[in-house]
Amino acid sequence: MEKWLRSLKTKTPQEGFELAITLAQKGVQYTQPSEKIRKKLRPKYARNARSLISASQVVAINFQTIAAANHYWEKNDDDLSQFLF
Amino acid sequence: MEKWLRSLKTKTPQEGFELAITLAQKGVQYTQPSEKIRKKLRPKYARNARSLISASQVVAINFQTIAAANHYWEKNDDDLSQFLF
Amino acid sequence: MEKWLRSLKTKTPQEGFELAITLAQKGVQYTQPSEKIRKKLRPKYARNARSLISASQVVAINFQTIAAANHYWEKNDDDLSQFLF
Amino acid sequence: MEKWLRSLKTKTPQEGFELAITLAQKGVQYTQPSEKIRKKLRPKYARNARSLISASQVVAINFQTIAAANHYWEKNDDDLSQFLF
Amino acid sequence: MEKWLRSLKTKTPQEGFELAITLAQKGVQYTQPSEKIRKKLRPKYARNARSLISASQVVAINFQTIAAANHYWEKNDDDLSQFLF
Amino acid sequence: MEKWLRSLKTKTPQEGFELAITLAQKGVQYTQPSEKIRKKLRPKYARNARSLISASQVVAINFQTIAAANHYWEKNDDDLSQFLF
């Protein structure tokens, strides 16, 4: 598969959340590589409340990982580094 | 998508919990961007016990992230910093 | 919504577990604010084994957060602080 | 409810796992306090593979909490403390 | 129950993964102690894709615990300890 | 079973994500060792939206473990080590 994930670092929490969505989608794509089949499934599950909640759950788990990788986007860390380096 | 998440920091645990609910909803919105369809699904799943429990689970996972980002709202940290800086 | 969560700190692990149950219930209440509807759903899901296990799972996730916030109720920390301060 | 959880500390990983099972059961009991109803549900879900896997998942989540609370039962920590104190 | 879990430490990540599988199975066994019933359920759920994915999820959660307990099998730690002790 | 997992370390986040997929698959394989049966199940679940989302969830959980094992692929750590050693 082509390069699609170079870093877990993002500039903002929102970009981190959007990366979490990408990871959730990639988890599906690796299991079902056919774009044609995935597109066929989409309209159905996107109108199913429980599928949408499950999707949101996968996003939440991936967001945990990304938030930790970005030290929860704490600006204090950066400020301190000004003094340390 | 517009800016909707600027920080994971909240003043209180309750605001953190409410942000966790927002994250859970956003996970759904990114998957199903149509507000019209989401509104149609809402009455049904909001009367389904298992869907409500699943929604609460997504909130719980997001709350883990937000609580960690806020150092569990420990006041002691702030007090100590008075002495350190 | 009124103030219902002021702190993640509890005196004992058991109170922490009970707070985890409150968080799980609040996750449901924010999604379905109508007490009337929730009360109607209750007898049904409280007699459904899989719903009960799912509820226990949400409690377990929230308990992780609360246990971390309380440093797993380790008394040693407090004892040490006697020497440090 | 009576006192049933005094500490997350256990002597061994196995006792920790057994405490995780207790926590999973308590999550169910708080949601369905009637022992009579729970006993009626038991034979059914204990013969349902997916319910058993779900139960094992709740145990796994609780075991994460308990294992962290016990520093993963690392003996090295104790040994070191002999030198530090 | 007999002693079956003495330590979360394993020599390799693969042994850790295999211990995670044991923990997942034990979570089932504590809930359904009858080997006879479990064996009856096995052929059915082992041919059900969603049950298999759920089982893999329980393994994943247990593997998180075991990996943390083994400091993710980082050899660097051991090497450093040569210099420290 | 043959050696298939020697380390949780990967060079890039993407390789880490792909290892997470391997772990998710291995969780299934240990539960259902027959390749013949797994292949029979595959076409069905790979066209089922909820199964695909569940699979993505297992990947997300395993990716948390692998990301932590790789310190979230933070290059800063390596750079610092140049000065420390």
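Odds and ends about this structure:
When the chains are written out, they are named A, B, C, D, E and F in that same order, and each has its own residue count from 1.
Methods note: a contact is a pair of C-beta atoms (placed from the backbone, for glycine too) under 8 Å apart; a residue touches a chain by one contact, two chains touch by 3 or more.
All of these numbers come straight from a predicted model, not from anything done at the bench.
Copies chain C and chain F of the same sequence differ in orientation by 180 degrees, per CA superposition (steps of 5). With centres defined as mean CA coordinates, chain E is found 27 Å away from chain A. Separating the centre of chain A from that of chain F, both taken as means of CA atoms, is a distance of 15 Å. In chain D, the positions touching at least two other chains are 48, 50, 54-55, 57, 61, 64, 68.
Viewed as a contact network, the protein chains form a single closed ring in which every chain touches exactly two others. Listing every chain once round the ring, from chain E with chain F next, yields E, F, A, B, C, D. Interface residues of chain F facing chain A in the complex, by the touch rule stated above, are 12-14, 17-18, 21, 46-50, 52-57, 59-61, 63-64, 67-68, 72-74.
Residues 1, 3-8, 23-28, 30-32, 37-38, 41-42, 44-45, 48, 50-51, 54-55, 57-58, 61-62, 64-65, 68-69 of chain C are the ones that touch chain B when the two sit in their complex.
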